[in-house]
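Common to both upcoming complexes is chain A, partnered first by chain B, then by chain C.
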Partner chain A sequence: MKARVYVMPKAGVLDPQGKAIGHALEGLGFTGVKEVRAGKVIELDLAETDPAKAKAAAEDMARRLLANTVIESFRVEIA
Partner chain B sequence: MKARVYVMPKAGVLDPQGKAIGHALEGLGFTGVKEVRAGKVIELDLAETDPAKAKAAAEDMARRLLANTVIESFRVEIA
Partner chain C sequence: MKAAIIVFPGTNRERDMRIALKRATGREPLMLFHREPLPAGLDLVVLAGGFSYGDYLRCGAMAAQSPIMREVKEFAARGGHILGVCNGFQILIEAGLLPGGLLRNASLRFLSMDCILRVERAGTAFTSRWQKGATFRAPMAHGDGNYFADEATLDRLEGEGLVAFRYVNEAGEATEAANRNGSARNIAGIFSPNLRICGLMPHPEDLVDELMGGTDGLPMFESLAESLVSA
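Our next item is the complex of A and B:
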């Protein structure tokens, strides 16, 4: 069972990587880019076959390792 | 209009970051994690209001800056 964990910087938290991407896009001539936020996706292939249990496990992994919940929020999707 | 660009290493491309996350999860006692792949999400806030045009612009940005299409594949979602 595949689980995808999306990790994004929380609103209000400074995101220098996003800012840098925004400037680079501008430098390439892309106009109308208002804000850019950069985050991570972690795709997990789990042995667990129960979707609810797989989601709970992935959320536990996100809280304990994948996301820094002080400055990042996460979302788990089961596919 | 918000666009999300998901960038993942292509199948078959070595992903050391994913491997490191897999080992760390194992070290924390998580069992049953078969494979881990690590990618990026870039959230763009675009001035464009037409979904088709916004998607085309985001795809162009992905090809020219956000993804290295030799080793990475990308997917654009308009929200």
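Our next item is the complex of A and C:
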């Protein structure tokens, strides 16, 4: 079973990377991009077959390692 | 003082730290590879700078999970003294031994230059050789040193006197221009509540000899040598 962990900088936490990407898009002529936030996606291939258990396990992994919850938020999707 | 420097794959400032500790204490510190056990009877554990585990996932995140860090946490729980510089500070934060987070520098640039630090709290094992408000020069070399914590945590750090060092200008003022990496409230280094763990981004160990261009960082190591006299 596949789990996808989306890790994003928390709302209110400065995201200089997102800001730089926004400036670059502006430079390319893309107008109207109000804000860019850059995060990461981590894909896990899990042996677990129960979706609820797989999600709970991935969330535990996110809390303990994949995200730093002081500065990042996360969301888990089971595919 | 019996000190050990922990060396992870990718640590690269351990020799500078060894020079600083040797100079202040007259004794060679132990260089401990991360797979070795932490010996008994240590007065100080040092986490040096570098790019442990290639900075994968987040700076310090992988090292914080390594088995030796479990022993370092036990050492901390027993009241041991720990110094973390640069990547070492990042590891202490990722291990939960110090609060907050270290974000990418606000400028997005890797900063390799000197900064000026102001001592915010004297009288600790790390700062006893300075007066409160003293300033000193320290080299810095990091891409992710932008200290972040929520307002409540920042207020608590300030209220409990746990801010160790701040980035300041030549006049000793904590201005925005002096705060090159964008850290919250110009914070360059902090203490744990028991004042026995200190983490900071700049490198005092890189200015401990006139041959290095100055001895501005030496008081930190002399403070440790004086405070942590072992039997």
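Following the convention adopted for this analysis, the second predicted complex is superposed on the first by the 79 of 79 C-alpha atoms of A that agree within 3 Å, B and C clash if a C-alpha of one lies under 4 Å from a C-alpha of the other, contacts with A are read in each partner's own complex, and residues count from 1 in each chain.
Methods note: contacts are C-beta pairs under 8 Å (C-beta built on N, C-alpha and C of every residue); 3 or more make two chains touch, one makes a residue touch a chain.
Since the model is a prediction, treat every value here as computed from it, not as a measurement.
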Give one of first, second, both or neither to describe whether A:16 is in contact with chain B, with chain C, with both, or with none. second
For A:65 in the superposed arrangement: first (chain B), second (chain C), both or neither? both
Scan A:39 for contacts with chain B and chain C and give back first, second, both or neither. first
Considering only touches as defined above, state whether A:47 meets chain B (first), chain C (second), both or neither. first
For A:56, select first, second, both or neither according to whether it touches chain B, chain C, the two together, or no partner. neither
Between chain B and chain C, pick out the one touching the greater number of residues of chain A. B
A:30 in the overlay: touching chain B, chain C, both, or neither? Say first, second, both or neither. first
Where on chain A do the contacts from chain B and from chain C line up? 65-66
Can you tell me which positions in chain C touch chain A when the two form their complex? 57-58, 61, 65, 94, 99-101, 103-108, 146, 148-150, 182
In the complex, chain A touches chain C at residues 9, 13-14, 16-17, 20, 65-66, 68, 70-71
Using the touch rule from the top, collect the residues of chain B that touch chain A in their complex. 6, 8, 18, 21, 24-25, 28, 30-48, 57, 60-61, 64-66
